[in-house]
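Okay, structure first, notes after.
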């Protein structure tokens, strides 16, 4: 029940601080025989990495993964799989000037109250640097889900400040720095972000993730619900303030006759449920959406207090993303993949072979359209 | 890691189906010495119960709690505390006509794919009847939190369909059948609900819960975050499709300079964070908000399929709430209270006496106003 | 992680005190489709029950099991399976005279220090009455293991005081009140026990349990070892003071050339390992042995202290077994069965279908002889 | 619930194989503020290390611990504490000749059946190399237990083959290569071991561990019993085949009048219980004893089978201890310390400050004599 561990059968334990010597993780319960090399982590770590465009933080991390255990002759052995990444670009001195000051809306205030310890170096354990290992672990989950069930777990940016996509095309999402599904808007977003960066301010974002081909029957009743675990997994990502499944908060103003996804022999007629009924997958696309707050590390001065409780002015000069939500896309995908794989293994534990019961009806009449 | 169990130190395991002989729960890890009697459960169970007004389902459950163990001479002993409620108003025959039919947006479809078992009686284990035991367990958590920290965990209905409160007054919330904070609107809501019931349709709702006086320092980093566990706890409630902490999805369009809750020696200047920073309580009010979908059990016919995969028309004639969100208020309170107490005990485990470090600054300049 | 819960996938949570209104359990994670009725619990509960012969306690419990949930039309549904037994023969007054006195070698002293609560009624939660529910849960595990793998989990009394069996025959174990494998010695044991009862004293015992047909591959490395979990499961039974796997403490004086179980294409040549290597089953019989202390509830006066810390003389006049070890036989079987089933499900979670890899060599050249 | 993780509040997750690049661990839930440096691990790692005398394996590991996270300015921060040790003396080639052969009484046979993967390098994950990290984690637990409660957790070798100590003196245990409490016998043991090594055979051993000053009240009823968790912790150590608490298997032939530890205002009159009643510490010394089998890695040829199921002759030429039990002493201490600290934190979670209730009577009239 350790709080640095995620999952029940597939358990990921992470460690490391943003400005310590290294970060890493231990992946436990991984099925044997999955082909994996250090290179396999590259793609998603790059997608998450800072420094890929001028729109994200200018820190440069190599993020070279070393596999310490659990893989033998290129395949998982079923035993503890450990990954290590050395921190190579941690400039603690950037943070020296705020050693005595609590920054508004930062975790340093609450960690200090909890532990009585103040690690002022860039957030210490609370830094989003930790999410690197979530992405790494997610690589294995994505691979396994795809190989066994043809599942793809894909995310995109669905809103940034006032901007929402006017069109939707999966094929362009990976072609721009914003994971944006509308190619025509990319130039607009670039201008928007440039202006934002100049202003010294930051902005929130919404990320959507869709998993297709999830068989019906994954998820556990009551407290092990698929949606409950997705909610926890996604809310545990730095800066997330809200989680929706399917229609989410739109449900509040919907009538039952509108919200209920009617069923026909040809498939479901809609997917307001987001692919989950009673906490268990229905065979439709699993659709989640998250809200990410704007970072509070700004060049604009803000009111804070110091360790003596006195008023101070805080200006953050470290390298920070003006929109942390962009980079959250592969992190959210990773968390969704980890939840799905863990639930798949748990389903297999209780009920035997996963996906043994074919869906009674096909996923959707209208095709896998993200909510 | 059983899926019928909630919590890590304070563990609540529930059992029972809506149309079986009884429902119950086992509360494990409860501190010794808490005064508790069967009567203490009455108030919140009544708040949750059906049949209290014409606006909720007309099922009548007595919900008389029997304490089977864990209490001796009126006090908790520290050992397994078991509660039992006999089902007294389960008319299975109401469901006979849908024994062969999957209802749209119901869990019967997914349970059947998961388990290969069809318990057609009113949802079986997936029924909201289970939440009765959440409320019962929550009574103990609320009591403990209030006695030890002066914490109150209070909820109210923040939206029902198109209606939102025009005013806010905690003191009227318990005086109407809707947990509505604006007394002047109650007549309007009654008309709205009467029309809805007549139409045979249902509507969604939003419930807010606020916990005040939570000391700074509760919650665990990374995967044991207070907000992550609140998200799971709330999303696990029947019909919930979205969870927000603090500003929630409003954060998406906020600038950092607006969202960050600045700090002064006199207190925080706002509470967009919802009382949680880095997954740990800040000393401000903990504010959560949930979206509840409209029930799919309607008198309006809908398209479904039967066990043979053939098209059917489904009409639900059982007794069902036109707005399940109303009754969710005490359930959401209970889940928030259980999460808080569990985290309080876990904090005590790792860090010693809870609340030993006084808040550096007071909770809020503006007072405990729900987000 | 509740302490009233046992198992990881198959989770058994028990509740109830010896002198409260009822005892019960919730079985979580049980596969769906297992045929089970209230009658199925009868046989093993009778084997465990007091009052079956004059050699065990003269309390009379009906132990009538009520299935509260988790079974529909005679089959497990996959959801929480709850069992309840009302206590019908709890005479608290028998214990009134020791309300203020700590009995030597009893849990009342340590419970009082832990919880600050004194429930003097026959041990309260620490009573062996709790093991009734272990046996009940074990019935389901035994049934599942036998139906899926042909596994039998059988126990016998291997020593009582100075007496050990001179011969071994499984077929007579169930034919005498001692679970004794040597029919010729039963009369001797009866005389021995009669004399013991007359003397007011008690005696320890050793129980062996053997599970045959366990496929190779069950158990998890490091901290989830099959033998480690058997050790915990067995040591958690009231009065157990020692656990052995295979050769157990005889290993201390063995040479490696003697202890190692050599392998031939025809099978293993011995089973000092007790069927477990590196924490994982080998395909040989799984053999465990436990030591049970003599009960401390004696008619012979002993020195104790009262709540004021003053010296007292304690005589126990309640109904107690002169050898609690006898009744432990079905309890130990149940715990072994529960561990095996839980590990089988966990193996299926990580590695897919259980028993898919046939044993490379047959279990044993010599046949399944208990160690 | 990962099987590479140990503990409930204080959670230790280990990783690494004997012949991989490194081993390590993550310690979660550790209280903040414990002073710790890499040097603190030296003493116990040396006690466990191979190569310290000619009586243990001639592998040479530096075992230099690197602290990767969780310590800031010399103190634990309360967040994930990670330790890493690079493997510097792993000669895989020593094992090349047995790549195709299952060694008798080795885990390679069972791992292969479980995972379908064969890592032939010295046992891979099943190697006792993993216990290095247990000892490292135990260092922190020992330190915390001693600083907060004055608890010492000390072990000694209580038997090796036919030899048992004729005298007992704690002060000499650390002065000889055998952790032997009888200085006069050390020369005898050296001769015995030399002869054993020459013969190519190995021998079993018994290790006792005693923890003094444990406050009454630690441990949890039913399935979280202190003795049950000690049993699992100790049985999970490589080569352990039996665990005893207090009188252990001697209880089988004891009468109740003899076994029960009578209480007087001056203290307990004996300690057959091993300091645990009803699964909860009594305030007496906690006394455990374990049996370790002789290693099966012998120069004496034994019968095995190869991957094709054919008969082979196996001779182990790698470097192995003739008595693995000797080195188990600090490992067993570490496991006892980890269990105690975890239980202490759990007790604090449920019941508040540990040790708040003073023992009613003193630990023992006779003083802390190991059972």
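Just so it is clear, A, B, C and D label the chains in written order, and each chain counts residues from 1 on its own.
Operating definition for what follows: a residue touches a chain if its C-beta (ideal position, glycine included) is under 8 Å from a C-beta of that chain, and two chains touch if they have at least 3 such contacts.
Because the structure is predicted, anything quoted here is derived from the model rather than measured.
Undergrad: For C-D, find its twin among A-C, B-C or A-B: the pair where over half of the contact pairs carry the same residue numbers.
TA: Equivalent chain pair to C-D in A-C, B-C or A-B: A-B.
Undergrad: Where are there more C-beta contacts: A-D or B-D?
TA: Answer by contact count: A-D.
Undergrad: Distance-wise, how many Å sit between the C-alpha centres of subunit A and subunit B, to the nearest whole number?
TA: Inter-chain centre distance comes to 26 Å.
Undergrad: Centre to centre, by mean C-alpha position, how many angstrom separate subunit A and subunit D?
TA: So the centroids are 39 Å from each other.
Undergrad: Could you work out how far the Cα centre of subunit B sits from that of subunit D, in whole Å?
TA: A distance of 45 Å separates the two centres.
Undergrad: Using the touch definition from the top, which residues of subunit B touch two or more other chains?
TA: 1-5, 8-9, 14, 29, 32, 78-80, 114-116, 125, 221-222, 351
Undergrad: Which residues of subunit D touch subunit C in their complex?
TA: Contacts found on subunit D: 1-6, 8, 14, 102, 104-107, 109-116, 125-126, 130, 159-162, 201-206, 215-225, 227-236, 238, 240-265, 269, 272-274, 276-283, 291-298, 300, 302-305, 309-311, 325, 347, 351, 357, 359-361.
Undergrad: If you look only at subunit C, which of its residues touch subunit A in the complex?
TA: 1, 9, 29-32, 78-80, 221-222, 345-346, 348-353
Undergrad: Considering the complex alone, what residue numbers of subunit D touch subunit A?
TA: So the residues of subunit D touching subunit A come out as 1-5, 7-9, 11, 13-17, 20-24, 26, 28-29, 32-33, 66, 68-70, 72, 75, 77-82, 84, 114-117, 119, 124-125.
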